[in-house]
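Below are two complexes that have subunit A in common, paired first with subunit B and then with subunit C.
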Partner chain A sequence: MQLAAIAEALSLSPDHGSFKDIEVKGGYSSDLLSDVMGKAAAKSIWVTNQIHPNVIAVASLIDAAAVIIAGGVQPEEGTLKKAEEVGIPLFTTDLPAFEVVGQLYQLGVRGTARSA
Partner chain B sequence: MAQLEGLSLIAITDHNTAANVGAVMQVGDQLGLPVLPGMEVQTREEVHLLGIFPSLEAVLAFEQLIWQHLPKVANQPQIFGEQIVYDSADRQKGSIERLLLQSVTLGVEEVGKAITAHGGVTIAAHVNRRSYGLLGQLGFVPETLKLDAVEIDRYFSYERFMDEHQSLGRYPVLRNSDAHQLIDLVDSHSSVVLIEEPSFLALRELLLSGDVGRIRLR
Partner chain C sequence: MPAVGGLDALISVTYDIVANDFVRAGEAASKIKRLLQQLGVEPGIIRRAAIAAYEAEMNVVIHSYGGRIAANITADSIEILCEDSGPGIPDIEKALQEGYSTASEDIREMGFGAGMGLPNIRRSAEEFSIESACGQGTRLKVKILHKVGD
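Our next item is the complex of A and B:
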């Protein structure tokens, strides 16, 4: 599924500039960054409540398609800056993580995980 | 109990509070056991950071700052237990109404800076644990966080830790008992540190020196 279509369906606008439309291969949700580093597959859309700049570093490391910060929390300034720097599309939404994941699933996005 | 175990330096680091530090320091004074004032803060990212301070005044000032960022949620004793404050004669002085088992609204860097600003040393608590440890929550040590040491818990081997986290080799690694009850206060659960005297200044000197040969984990 294309990232632009997901953004439109969930009424998400990026927290910085624009984003390059890419194919989203699946989804992952976790707030333990160590877990995401170890398990999330490339080109996943990652749903989290963490707002620390390390989120972007980890997203970049796993080659995430995008990050959605759920639950109406605002990312730290460093997180926004870093997202812009490394070109990771970063979205925030007031929807709780459960809702975001549910809506993604309805759109056909399925959970992905690398086998350990 | 610490004295019976033959410990020569302990720190009191309750979760988001320093209310019991003064009483333990008084008892330590009477017994000739040095007690370092400290706190374990749960940051916004659910990371546990230890601050160890030079004086009771410093930890109380730090506590005051932390409490400005501790959400006003009431404790529910039937779930979380009573948050009792004791005096130096082991009498209950009262209990803390606000829930201590929650995150403050400050991030790791902000808490680290506040510890430093109050003259303390910052130690990332039980970093080997999946939950509430710096590495579990944030994956790796953020560049902007000034850490003086990392702590591994008593269940984890130093060799395994260094093997899995070579990038942490630049920090002094301590093992502390993290004793939540007296029975956990076991001599062999703590590190041996070779310092001039059992004091905050000597411990800080060791951590800042980076002379890890003077720290022995058992």
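Our next item is the complex of A and C:
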């Protein structure tokens, strides 16, 4: 599924029109960085409540398709800067993580855990 | 860029790791990953090296006084060496257990300290060794073989 279609369906902000042709192969949700690092498959959309810059380091290392920071919390300045630097699409939403994951699932996005 | 199959010379890189610097944390692992991509290493192998490098780097950032990480890449293997200057691990057996962590509450709130770092590293590599002594620092060495599948 295309990231642009997901962003539109969930009214994610900011509206990153520049993120065209990014394929989302599945999803992962966790606030534990080692868990994401070890288990989330490449090209996953990652839903989290963490807001600090190391989120982007992890997202980039696992080749995440995008990060959604859920729950109406704002990412730190350094997180936004780093996301832009390394080219990871970063969205925020007021929806709680559970709602985000539910909506993603309804759109056809499925969980992508690598076997440990 | 040469494919790894054509890589006959050893390529080595070393990066310093600063304790408690959570903004730069992960940069050394990212640089190692980029180098492996440039060398044409297979994605599954890169992922395993990235996990090992990231977890080793974060342990130095979170638990140590600072140190450095090196990657030695040959046609056969990727070796990752990570050393720091202390305080060392009192009980290595315990530290290797899934879920064991001495990270503070503040660190845990950031999503670190799940006690999955060393287990993640061990799972990612064919060879794994860790040496540590109280007051002397920790030395972690892992080897990932190109030939083995993900």
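Just so we're on the same page, the second predicted complex is superposed on the first by the 110 of 116 C-alpha atoms of A that agree within 3 Å, B and C clash if a C-alpha of one lies under 4 Å from a C-alpha of the other, contacts with A are read in each partner's own complex, and residues count from 1 in each chain.
Please note the rule applied: contacts are C-beta pairs under 8 Å (C-beta built on N, C-alpha and C of every residue); 3 or more make two chains touch, one makes a residue touch a chain.
Fair warning: this is a prediction, and the values are worked out from it, not measured in the lab.
Of the two partner chains placed by superposition, only subunit C is touched by A:A42; subunit B is not. Subunit A is touched at more residues by one of its partners, and among subunit B and subunit C that partner is C.
Once the two complexes are laid over each other on the shared chain, residue contacts for A:T112 go to neither subunit B nor subunit C.
Legend: residue contacts after superposition of the two complexes on their common chain; A:Q103 is shown touching neither subunit B nor subunit C. Once the two complexes are laid over each other on the shared chain, residue contacts for A:S60 go to subunit C alone; subunit B is not touched.
Taken together, the two structures place residues 31-35, 37, 50, 52-54, 57-58, 78 of subunit A in contact with subunit B in one case and with subunit C in the other. Contact residues on subunit A toward subunit B in their complex (touch as defined above): 31-37, 50-54, 57-58, 76, 78. The touching residues of subunit C, counted against subunit A in their complex, run 22-23, 25-27, 29-30, 33, 43, 47, 50-51, 54-55, 58, 110-112, 114, 116-117, 120, 123. Note for the complex: subunit B touches subunit A at residues 44-46, 107-108, 130-131, 135-140, 142, 144. Subunit A meets subunit C in the complex at residues 31-35, 37-38, 42, 48, 50, 52-55, 57-58, 60-62, 78, 82, 86, 116.
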